[in-house]
Amino acid sequence: MIRVTVWNEFLHEKEDAAVKKIYPDGIHQAIARFLNQQPDFQVTTATLEQPEQGLSAPLLAQTDVLIWWGHKAHDKVRDAVVDRVHQRVLEGMGLIALHSAHYSKIFRKLMGTNCSLKWREAGEKERLWNIAPGHPITAGIGEYIELPATEMYGERFDIPTPDSLIFISWFKGGEVFRSGCCWERGHGRVFYFRPGHETHPIFHNSEIQQVLTNAVRWAATGVNIPDICPNVEPLELID
Amino acid sequence: MIRVTVWNEFLHEKEDAAVKKIYPDGIHQAIARFLNQQPDFQVTTATLEQPEQGLSAPLLAQTDVLIWWGHKAHDKVRDAVVDRVHQRVLEGMGLIALHSAHYSKIFRKLMGTNCSLKWREAGEKERLWNIAPGHPITAGIGEYIELPATEMYGERFDIPTPDSLIFISWFKGGEVFRSGCCWERGHGRVFYFRPGHETHPIFHNSEIQQVLTNAVRWAATGVNIPDICPNVEPLELID
Amino acid sequence: MIRVTVWNEFLHEKEDAAVKKIYPDGIHQAIARFLNQQPDFQVTTATLEQPEQGLSAPLLAQTDVLIWWGHKAHDKVRDAVVDRVHQRVLEGMGLIALHSAHYSKIFRKLMGTNCSLKWREAGEKERLWNIAPGHPITAGIGEYIELPATEMYGERFDIPTPDSLIFISWFKGGEVFRSGCCWERGHGRVFYFRPGHETHPIFHNSEIQQVLTNAVRWAATGVNIPDICPNVEPLELID
Amino acid sequence: MIRVTVWNEFLHEKEDAAVKKIYPDGIHQAIARFLNQQPDFQVTTATLEQPEQGLSAPLLAQTDVLIWWGHKAHDKVRDAVVDRVHQRVLEGMGLIALHSAHYSKIFRKLMGTNCSLKWREAGEKERLWNIAPGHPITAGIGEYIELPATEMYGERFDIPTPDSLIFISWFKGGEVFRSGCCWERGHGRVFYFRPGHETHPIFHNSEIQQVLTNAVRWAATGVNIPDICPNVEPLELID
């Protein structure tokens, strides 16, 4: 059983009628719904305005993979909450950062870089090329995924070189982007996945759902290794 | 001309007679002295107890490579100073983190991990194996460097996989360690180099001096690229 | 079901009484025996002196993970057989190269480098440090594995930087070695594992058996993607 | 002084009038001409139909960086010549593989993979995005390079994950490609650069010339380390 927590800042859907129409119960519920179809997933949701910003220590201790959607309220997430999530990733919890989560505190803290990029909201076509067809995250995905209308993110994306580069996006307007990237940090696995703007029905797309389902399985390491920095005795004679 | 700033917390040398005997003017001055023998290096020193903790914005703006030695006062370095150094690295400034700087705020912020390790102060023998004899950092270095007496650092070192692994240490007491590691972060280059405990005359060793001199040249990228996250117009017709 | 083929040149065991005593049925049978205890593994063995050097196209087509032990007869393996194995790895078959297989034709072909190293047969102690305790290959393994008497392999090991470095060995005689290394090549996964000299009972060690069992699961990608280089039509209007 | 050898199979330019019009003296001479403007470069050319296929051992021993253009005669390059070049790269010689050299014997041998890709000759627009503006290979290059008409190469490009990814191409027809990739192999550095089809005047483009000039400097390691696999004495007491 893989325990997944889907965290969403859950503000756009309450404030913007167009977004609410696409995600009436919030992006988190849309994601939880398709993940829940996996018999071996146990899915919880959490949002910014809940107590402890939805991310209590007991919940995180029971989470194998955390999915993160945030956009306009990155600064509202308290540093203490970010530190708690950060330690859990380093202990072995998976983290899947979606779309505008490139600028979340937790993603930037794990990367150590600015995570800046180019952007444009013009509803243009995106084609995500599958660079790693043998990788577990692309199981069941063909040569590419086409999205008819998306927000554009363009290079240079200020990230450390990914351990594995899974998708590269082509945009109609002329840009490219490293749209699916894997890193290991501590004992945990991190996947950044670009699609997911709130004004487009990205999370209703079955191929996007397949990628996220695969990513949960990939990010679930099954380990939980606390940090130590021990003073140790020698294993061999020193003199 | 490569502009180098050698930063040292400079506390042990003032408080501990044994350390003062090895480094009467401080570790920073010992390092500055041998770097200054390079005609194309312009070397400045800076210490924790100076105004702005020695790291003012103007000085950082004029620094191509920053060398960092810290140990007992990591927590005293203010977050604002760390953020300033961090941004300069992402813009292209090199950072060389020495020995106990594995636990400095700036190194941990760049890595995104705990940077913990095993340790032992027993004055044992260390042999740093040169894993990358073609790399600029090992120019002039043979198969290995031997240090007759050092503090031990042992694996697992909680760091992201280095872009290049330069040295692996063998310790008499039975441990190993990734002792020379390179990463790129933003537009800057980071080198971690393990040797350098304050109670051993490590920075008087000519091979260690050669490595640090090489590392300064490697870390000096010559670029200074400010961070941006622009909203851009399309380069091609979208419709 | 994971289909494993254990290939062994199977010469030392027939020619050298000391080796035969340790592995009366050959190294391949010793390995097959403990792998066969996994209910989801289906294990076949193959040896150099069989027809088609034990590696027919039909067998390879039915192999998910190939384990390779060779030493004194690397040159006897025909290039056509090597090419066949190579294509299967690029299609998605896993390859686990053991000990002296660092110098096998297939491993060198996948690496693109000389794969040379230092060596010494002195029966000294080796300690393999677990650098990646969260990796599937080290599941169930503690901080290190100790082998009381082994052949020594020392750096510099002439390999491309591993995608993941799993074990670093410490040797009593003063050397270190990257003893467990992972790479992706094409759609396949490659694991090199250092221990396994024929004059020591390495494959009877339960921790070594655990690592190899784990490595088989890790290397089984489940994909089989033939190579193509197609001339394609545009997906968008060009003019 | 960096000694550069520009190797070209030099067949298209002799057989095809359209190509000859663009490169009357051959692609190698066009490349040698702009490289020769660097006062610290010493440039030699070599072609397939010369004695020893242009690549004698003495010439290679005097070459710091080899540039390779080949297309229709990859199979004509003798394995002994390929092996000679391969060893020199592993000893520290740089190799810059251009365009259709993705399928050359030497590039495939260094990569260990098929190096296959998608392709289309339709003279469409290409935009190479500069993913690594702080890297020496992109010095003087802006956010992207535009080529008004090129042959298309599309993903998936069957290569090992590059150590550094420098350029990603956008094609008008809808594809993307990792167009500038760096690897280390042995002690040598390898750069693959996609542009350069013989029917387009790519090597007359000043930005392409800048990239190649930069790449030569980057690939010149200055080292020449022969391969060894020594039997060594212990450095420490074993018993």
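Just a few scattered comments:
Order as written gives the chain letters A, B, C and D; numbering starts at 1 within each chain.
Here, a residue touches a chain if its C-beta (ideal position, glycine included) is under 8 Å from a C-beta of that chain, and two chains touch if they have at least 3 such contacts.
Bear in mind the structure is a predicted one, so any value in this text is a computation, not a measurement.
Two chain pairs are in question, A-B and A-D; the one with more C-beta pairs in contact is A-B. Counting every residue number used by either copy at the subunit B-subunit C contact, over half are found in both chains. Centres computed as Cα averages put subunit A at a distance of 32 Å from subunit B. Mean C-alpha positions place subunit A and subunit D at a centre distance of 37 Å. Listed for subunit B are residues 127, 133, 154, 161, 163-164, 172, 174-175, 184, 186, 235-236, each touching two or more other chains. Put simply, subunit A touches subunit D in their complex at residues 127, 129-133, 143, 154-156, 161, 164-165, 168-171, 174-176, 178. The touching residues of subunit B, counted against subunit A in their complex, run 90, 103, 109-114, 116-120, 122, 124, 152, 154, 158, 160-161, 163, 172-175, 183-186, 227-236, 238. Across the complex, subunit B meets subunit D through its residues 92, 127, 133-134, 139, 163-164, 172, 184, 186-188, 221-223, 225, 235-236.
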